[in-house]
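There's a structure below that I have some questions on.
Naming follows writing order (A, B, C and D), and every chain is counted from residue 1.
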Amino acid sequence: MDVLTEIRVRYGETDQMGVAYYGSYYDWFEVGRTEFCRKLGLPYAEWENMGIFLPAVESYCRYKHPVRYDEKVKVVTRIKELTATTVTFSYKVRRAKDGRLLAIGYTKHAFVGKDGHLMQLPLEIKGLLKKSTQE
Amino acid sequence: MDVLTEIRVRYGETDQMGVAYYGSYYDWFEVGRTEFCRKLGLPYAEWENMGIFLPAVESYCRYKHPVRYDEKVKVVTRIKELTATTVTFSYKVRRAKDGRLLAIGYTKHAFVGKDGHLMQLPLEIKGLLKKSTQE
Amino acid sequence: MDVLTEIRVRYGETDQMGVAYYGSYYDWFEVGRTEFCRKLGLPYAEWENMGIFLPAVESYCRYKHPVRYDEKVKVVTRIKELTATTVTFSYKVRRAKDGRLLAIGYTKHAFVGKDGHLMQLPLEIKGLLKKSTQE
Amino acid sequence: MDVLTEIRVRYGETDQMGVAYYGSYYDWFEVGRTEFCRKLGLPYAEWENMGIFLPAVESYCRYKHPVRYDEKVKVVTRIKELTATTVTFSYKVRRAKDGRLLAIGYTKHAFVGKDGHLMQLPLEIKGLLKKSTQE
């Protein structure tokens, strides 16, 4: 399952180079993840309500082309890998107006309980994630 | 009591105008507040550990002169007003190298318990705050 | 003219109090301003292309009720005051699901040229802004 | 050359998980880079004044242990790789009080001129960077 999210570059996300700051892409990845979970039928806010947290254990971005204030970008989010205790999301960021690829990246997250320890996902949720990788 | 904090403008705090973004000043005010509480002898992290939270109920900034990446600013923080359920901090932001006044502002905070309701401060803490206004 | 913008609270916009950080509202005000200028028929990116910059000279926010991650807020932006060299925008932030008023604020901006000096707006733009205050 | 920078975690850098947001580490990497360039004898602001820009082309972080508001971290920055048109910085983030390793990462930057095209560094600057990799 590929989930598409549209985001406009905010003024505060630019830096003095006149383009979006390199850290802003990780905020957009987070927005992509949030929409992915919603499309999955399990908004991430509910994960945390159930006591399941997904802290990042790794994050990566490759910047191919800069993007300016007020330009619209499309973030395509999907699950790249699923293990017993982690999920890795991948992201493609494209300029909306012409589809130009701006950046690619991934973030790897552990499944962690309220006690801060690694946990196994409930089977139902694991199933949802697995199913999304086959669509 | 006036508490001085030095901060260097980060690259990500600039925007495409080539100077610090207007929202960044509120981050600096927060750093000033944090140092104020530490100098008071009661780091803010301990306030929250004791179940006392200080959410902002008001914030204001007047921008007098812009500031650039890597310039050092001095934030002077003090208590401007203290009531039964709120404290107001005021801030002066100066350019370190020449003392030029860059911005002034204030933030007003309520005393709130873990339940989210307004609370009275313990007398000892109230005393600390009051004393700082007389120094 | 009232311009409505919908924004979802991002995870990175929350802080350890579990609600949106007080500085995040200024980012949302900026998004509201951006949409206001677009609705006016003059996207802010074009202002800067024409050599007209609108740095903030004042900003204010009053926080009435906190808002959580992934909640949708509505920002209503309008022009509150227009002078020869400044424009003041006002903002109302409401929770989308029930209209509850979360925060109100304003930002005052100077009209500044590439040289960093105050300038008068071209008459046509001034007219656009003035007209929007009567709608 | 290893350059050490101390940073305190800001309140706004935390998220509702109660620890620093994953994107904040990239801001700290930037602070580390800034101090690295200063120690090199060539503050990054001067690079840009000379028309040399270092946009990120890649960034990576591996998170090993979370860090809380007001904790002090030490960022150790050094050059990991230097090519004709890129420089890669590596970072180690440790908790100041006990040296615990919190995160490691790197950022790769291209040398770009005002025209946005890749450029070769002036020999003198290239020499400075190369020398730092041998210290």
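By our rule, a residue touches a chain if its C-beta (ideal position, glycine included) is under 8 Å from a C-beta of that chain, and two chains touch if they have at least 3 such contacts.
It should be emphasised that the depicted structure is a prediction, and the values quoted were computed from it without experimental measurement.
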- line: Touching both chain C and chain D we find A, B
Message: Using C-alpha centres only, name the chain that sits farthest from chain D.
response: C
- prompt: Hey, which pair has more contacts between C-betas, A-B or B-D?
  reply: B-D
Statement: Averaging C-alpha coordinates per chain, one finds the centres of chain B and chain C separated by a number of Å equal to 23
Field: Whole-Å gap separating chain A and chain B, where each centre is the average of the chain's CA atoms
entry: 33
Field: Geometric centre distance via CA averages, chain D-chain B, whole Å
entry: 27
Residue numbers of chain C (touch at least two other chains): 11-12, 16-17, 19, 23, 26-27, 30, 68-69
Query: What does chain B use to touch chain D in their complex?
result: 8, 10-12, 26-27, 30-31, 34, 43-45, 68-70
- prompt: In the complex of these two chains, what residues of chain A are touching chain D?
  reply: 16-17, 19, 22-23, 26-27, 30, 48, 53, 55-63, 66, 107
- request: Sort out for me which residues of chain D touch chain C in the complex.
  value: 11-12, 14-19, 21, 23, 68-69
